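All remarks here apply to the structure that follows.
As written, the chain order gives the labels A, B and C, with residue 1 at the start of each chain.
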Amino acid sequence: MSSASQLAESRAPFDPAAPAAGTEETCGHPNSVRATARIRATYNGRVTTLPQLRSDGPFHLRRMRTSGKAARVGIIGAMSAPLGGDRLALDITAEDRAELDVTTAAATLALRGPTTAPATYDVRLTAEEHARLRWLPQPLISAADSNLHQTYTVKLAASSRLLLREEQILGRANEKPGHLVSRIRVHHAGRPLLDQHTAYGDPAPGWDGPAILHGHRAVGQLLVVAPELDVRRAPVLLREGTKDGCAVLAPLAGGPALLATAVAPTPSALRELLDEALRHALGE
Amino acid sequence: MSRAALLLLADGRFPAGGHAHSGGVEAAVAHKAVHDIETLEAFCRGRLHTTGLTTAGLAAATAAGCDPLMLDDAADARTPVPALRAVARRLGRQMMRAARATFPSAELDRLAAERPQGAHQPIVQGLAVRSAGLTPQEAASAAAYETVGGPATAAVRLLSLDPLDASRLLARLSTETDAVAAAAADAAARVATEGLDALPSASSPLLDITAEQHAAWTVRLFAS
Amino acid sequence: MHLDHPVPMPHRHTYSAEPQRADGSPRAFRVGLGGPVGSGKTASVAALCRTLRDELSLAVVTNDIYTREDAEFLLREAVLPPERITAVETGACPHTAIRDDISANLEAVEHFDETLDPLDLVLIESGGDNLTATFSKGLVDMQIFVIDVSSGDDIPRKGGPGITTSDLLVVNKTDLAPHVGADLATMAADAKRQRGDLPVIFTSLTSDDGIREITDWVTGHLSQWRAKAAV
């Protein structure tokens, strides 16, 4: 996308003299990016089509080949983002009966930008009646000195289906993580299903202590919502100790939904736990 | 507005079932994540800023007069594992019994009738504070303090720690506890204009995972 | 939607050991059994269940130090069906759960009152604790304190609330008295001095009919309590 490449070129190179932490920066830096990419999927009675596929800023959207009636979109990073001060949003809607899979081609790397102001990254997922939406991005990596506020706002119709995976990696190899704050809010049939807020990396209090991460650097969730899910089942515990990572898969209270929560020392251990949780969730 | 009423409600000896719960510290001790006063302090700090902030917000909003049934749903959405939901509702029933005996009110009676299996504990606690004529800020303080006082007391029993060290730890955390309570009360005050999303939903992955692990143990000292 | 609690249950609420449930219907008679570790509390509960289960509808609440150990024993021994045995967790302080903060035990007995109808008698066993542990009157109607001769024949003389105020003092393992050098006459005299007219039963629960006197005491008080509650 040309707009994306122009923005990428306009990015100032990293400037060590940029404002230090604590500098008042309530709105974006002049070089920061504001971008909202949109995907709208509809069902035409035969297959899912994509009447709206709007790339913006760092989000280059690419329609991918599928064999079935679902549509598949890959998000390709067109520039390094999010950096401090960026305002990024993804708006993804699967309309009635549409089936939409969305992935990212590579991990999303949150870096320190020209400013220490937080970047925001808002993902809005909507699944209408009988729609099926799968959001399976690559991990989000919080690099040293980055500052990112991520939100998920998920609205699900009563008969819709959702598969959502979120993986957060705190720091690249042997690096202190940045500050990563996220909130996920899910409404199902108009009622609150899940509302969680996490804050990792300094200055979040207690984040690395025994009550929150206890040294783990990979944390993730898998949310499965489907009207036919049997949620009366007992929770599944994956790995009893905590040292090599562990997870729980359990039903939520407010609807036909299972949530897996996992912590692990490494990204690969985290993915293994979430894959195992998914097999349990699907009853395999 | 009786200061003594707040002290009564926040007292660990208030007969509302809290003594049998460790707030996750029994599981943390078993995993060797908490083994001395320093690691206990780190545990308490983490719990204060996650569970503590969230429950204090719910308690304050209830004390401010928000609909307790909507808040009970909000508490469910903020409690993703069944073990902790069951504990919250059981402690809510126990708190309801004590609250109706000490500060009876029509609001408590109504919630007891509408949630016979128990509402989430912070909702009942907030309503008890309201019935005692106290403020949302005071509800938040009681809830926030309890999230660190409970584990600290339990750890003294589990690890035979010096109780003076544990008290010193709680004293060290008191400024942070006040700050969490103030943030929770501020959020509760915003519910009127912003809706329930204004309430904190701070959470911790390990507290959720280890609570389910603990619930599956056959031998344990504490109920949670 | 509350999937955790699919079956709404009728509301009930009790502040203390009133003879009726909140809706006015009768509740079960509640007897607490306390005493030091190893004195025979769980053996007494098991024996009471075996002798009374054919004539009365029974349930048991245990207050273990470590969850469920005593409950598991009773389940293994199959003295009652599993739905009639439950364990209350006590946070390493079993005396707190029966005396200072009885809410978890009240939850347990009221759950039995609701789910087991009719229900005549609930036995509440304390965790093996010490000589100072007694049951709150808000929880039980009567309490039995169980000690044994092998722990020392000076226990009655030492006193403590369990020895002096329990409705029934049981001195168990009398068959061991000659082997441990315990003087039963001294124990009886000390108990009399501590308890005045309150009853004491010397028995050996391992003997064939060792529970009979205790059973009679329980059923006698159950009848009296019912007569009084009916007035």
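Please note the rule applied: a contact is a pair of C-beta atoms (placed from the backbone, for glycine too) under 8 Å apart; a residue touches a chain by one contact, two chains touch by 3 or more.
Predicted model only: the values in this text are computed from it and were never measured.
Which two chains meet at the most C-beta pairs?
Contact tally peaks for the chain pair A-B.
Quick check for the class: compute each chain's Cα centroid; which one is farthest from the centroid of subunit C?
Max centre-to-centre separation from subunit C belongs to A.
Select the chain whose centre, defined as the mean of its C-alpha atoms, is least distant from the mean of all protein C-alpha atoms.
Going by the distance between chain centres and the overall C-alpha centre, it is B.
Indicate the whole-number Å distance between the mean C-alpha point of subunit A and the mean C-alpha point of subunit B.
From the centre of subunit A to the centre of subunit B is 30 Å.
Just curious, how far off is subunit C from subunit A if you go by their C-alpha centres, in Å?
55
Measuring centre to centre with CA averages, how many angstrom lie between subunit B and subunit C?
32
Would you pick out the residues of subunit C that each touch at least 2 other chains?
Expected reply: 2, 4.
Pull out every residue in subunit A that's touching 2 or more other chains.
Within subunit A, residues 191, 251, 253-254 contact more than one other chain.
Scan subunit B for residues touching two or more other chains and write them down.
Residues 76, 82, 85 of subunit B each touch two or more of the other chains.
Once bound in the complex, which stretches of subunit B touch subunit C?
13, 15-22, 76, 82, 85-86, 89-90, 93-94, 96-98, 100-101, 112-113, 116-117, 154, 157-158, 217-223
Across the complex, what residues on subunit B touch subunit A?
Against subunit A, subunit B makes touches at 24, 28, 31, 33-34, 39, 42-50, 73-74, 76-83, 85, 176, 196-197, 200-210, 212-213, 216.
For a test of understanding, state which residues of subunit A touch subunit B in their complex under the given definition.
183, 185-186, 191-199, 204-207, 209-214, 216, 219, 235, 237, 240-243, 246-248, 250-254, 259, 261-263
Which subunit C residues qualify as touching subunit B in the complex?
Counting only subunit C, the residues touching subunit B are 2, 4-5, 8-15, 65-69, 88-93, 96-97, 100-104, 106-107.
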